[in-house]
């Protein structure tokens, strides 16, 4: 680690040298070519498939009148509240659980491996059938959940999807169910990147369990955790599957999120611009997230 | 293993494709052209086969080539919206929902089909025509933008065995609206007493999902005299006392069934398929749901299939004939179609009564044929099957009115926003007065209609 | 691997304070194991309840799907048999479509890993000047949610002549997966000391040698995690697949699954059986490649 900061000092001095050098960084001729060549495939993808669609998308949702129409939609406000709850609770709870579980899955033993295989099942099963199955499972009359309640306690459970809060809760829980495995696997990989000697040193110092986590693992994971949380927030803002298939936005349009409102506007109302506008209206939330994310990525590149 | 299977499948499908290409009769045609056609995937495989046969016949006769893709309707609708928005469109596409054709006509994104529909319009059910005659806000006038290919209405579906088990007698089924509905009311208690824990009288769709709740509410409102909710001039009559009164009565009838526990509580958040799932698992005695797909799903289970009674509209409470709302589905040609002439020729061909009849028979009658002459002469439609007879009688022979979307696309948005059903929910769950619910809903409807002004010529 | 570390360290750490400490350590381990067992039980119930519902539906004869049973009274594997033998018309090309899915999944995984790791190698290891601009620009991909780029994507695929071609789906999925891959690789790579590259460079290794011999092996856990992510993204995505693919021969399995929603009534048992058959492969793949994660860990331990 110490030698890295030396490298950083070296950088600040080179920065003052010629412009040409500053453009190429510290890379020498052929290495610079290589470095550029390594970026070319991605730049190709970016130019061919990102720039145009993203600009086109922005253009689709750029008319101001769309927004006055969008805000006059009676369900817009509750949709924003739902989106904030869905993201605020769903994403954070999910990420936190994933962080803890990734520690659990670091444990040795074959049965932990078996558990991991079971645990990633929700991620592997296609979204459409799993969410439809959850929709049925929560049905008041013939859903598995109420059938179980009846078989075990002889009580009739409620219609879970008939009230706004239970329906929204079901959506959030399903989101956590479906996506915790993915983020656990990502954080698990992150934990594996922690050099073994740091762990060993911590053990020698007698740091175990919670203390080791707070003082050793978490600081090293913090940046990854934050970036994952931000990205997950961005992904989840655009994800319509949970709400679309589990509650369909119901009851009475009370559980829509911006993504499903967008899908409804684009395809049920056949007004794609209004659909894009619905999602665009999350930009005030999205832009700060993206800025924080950009900063994080930049600092993580410079420091180390 | 999978690779092997895949390869062999690939190989066999390539072989099949090659054989098909060789077997196809080749007609020399200097102007031979290819059109891209998007149709809705059939409900049963026979329907797809019927479409392919029709396309193949057209290819044989014209020498042109039809490149078709058959897509599930929800996916197709998204494809169609994407295509029209982005400007890269197929030559012909079938419309399978209420909103797309009126809205795209409004924006001037579809090609006028007057030259196809005008010459043949005498043969069609008169109410089918307004369903295709949409207002174009660019030219400020109406024209035919949709070919009236398939007609659909909403019938009642009744389990005969459940009625009997509940002590009812279908031969005494009353034929006026309220009495007809109330006939099913006492069955629930008797069925439960007979040991069926989960059974309900009605399968009303009080959800804010899909078109089913809209159909349900409209039928109830019409039954109570609210037919003029939207009129042919594209105007909303939310201030008409008769309409308002009918809307209140409809909401009261629907919500009181819910409050009395006569409807499965889950219906508040059913999706498109749930009512059929519930009906098929005999969760309710009676269901009110579009087309006879409910029955046809059990086509291969004779006993259950025969156990369902399909029933059209009863009379109104004062003994008058109640019109059923009908929807029309069929092909449109989007502007920007690369091969307009051939596209029109194909649509024209598919609308030839004989061709159309053969095609629709492939779908087992889920879509009725909107041509009364043929319906009466071909025994398939009114004689071969009791369900079909009732359904076709309701949608083609008996009085009908077009869906409101035909008059003004604003109502499509009113429907998609489920303005009425949100009010119904407030009445059921939050104790709102039906009148207040109607007022809120109508106010929102008026706002939406404000965006779609129609200049009457 | 980590088993060894823990086992060798623990005795040496606890030997000094004597018997008492050892007993505490043993009790501690016992408590930990009981805790782990409870956690496992919760995880299993949590993960498998919705899966159980899917399996239950798949085992039910068509028509019995909605009932008040909690275990099918006449379970049958018939649904699976129908799927495997393509015995239902929605599934008449199931294996062909499965092959398409496999093709798309493999291509997306390999391309994402290749493009993503090359770019992140160039940015974070070779430290190409202003490389952070590339990863920041990549964020633009996520500003407009994936579901709303569908319409622009539909358009560009037509102009690139990729309509109804599996490569259009591959391109779209690679576009969405690579920015994320770059982020995670960059983050993960921070844990790998830069001196490794430096010393190799001094030994005369070319960038491409460093990439293959040092970078990729050390990145194994992240490659596995992102590879699984890319595979499952391509494997389970359906919006793009049905927008961009039109006929039954070019369809992938998720599109075929969406057909079940075509009618008001469908053989749900077949839908769920298809989902299960379909989900087995990615889980198996993850299981097989997971060993590589441990391999990467060992190397990191040795070299770092």
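Note that the chains are named A, B and C in the order they appear, and that numbering of residues resets to 1 at the start of each chain.
Quick note on the criterion: contacts are C-beta pairs under 8 Å (C-beta built on N, C-alpha and C of every residue); 3 or more make two chains touch, one makes a residue touch a chain.
Treat the numbers as computed from the prediction; the structure is a model and nothing was measured.
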- Looking at C-alpha means, what's the farthest chain from chain A? B
- Message: I want to compare two interfaces, A-C and A-B. Which one has more contacting C-beta pairs?
- Response: A-C
- Message: Suppose each chain is reduced to the average of its Cα coordinates; what separation in Å results between chain A and chain B?
- Response: 39
- When the centre of a chain is set as the mean of its C-alpha atoms, what distance in Å lies between chain A and chain C? 14
- Message: At least two partner chains per residue is the criterion; list those residues in chain A.
- Response: 60, 136, 142, 266, 272
- Query: Which chain C residues reach two or more other chains?
  - Reply: 66-68, 151-152, 155, 258, 261
- Note on the structure: Within chain B, the set of residues that touch 2 or more other chains is 78, 81-82, 85, 198, 277-278, 281, 283
- Task: Note which residues of chain B are touching chain A in the complex, please.
- Result: 77-78, 81-82, 85, 99-100, 103-104, 198, 207-209, 264-266, 268-269, 271, 274, 277-278, 281, 283, 412-413, 416-418, 421-422, 424-426, 429, 444, 447, 451
- Please name which positions on chain C make contact with chain B in the complex. 63, 65-68, 89, 93, 95-96, 98-99, 102, 150-152, 154-155, 158-159, 164, 239, 242-243, 246-249, 255, 258-259, 261-266, 268, 281
- Task: Show which residues of chain B lie in contact with chain C when the two form their complex.
- Result: 2-3, 5-7, 9-10, 13, 38, 41, 43, 45, 48, 69-75, 78-79, 81-83, 85-88, 197-198, 272-273, 275-278, 280-281, 283, 289, 293-294, 297, 301, 304
- Touching residues (chain side chain A, partner chain B) in the complex: 60, 69, 72-75, 135-136, 139-142, 159, 161-163, 167, 245, 247-254, 264, 266-273
- Task: Write out the stretch or stretches of chain C touching chain A in their complex.
- Result: 2-3, 5-6, 9-10, 13, 32, 36, 39-40, 43-44, 46-54, 56-57, 66-70, 114-116, 118-119, 121-124, 126-129, 131-132, 134-149, 151-153, 155-156, 160, 171-172, 174-175, 178, 180, 182-184, 186-188, 190-195, 206-208, 211, 221-222, 224-225, 228-229, 232, 235-236, 238, 253-254, 257-258, 261, 271-272, 274-276, 278-279, 282-283, 286-287, 290, 293, 296-297, 300-301, 304
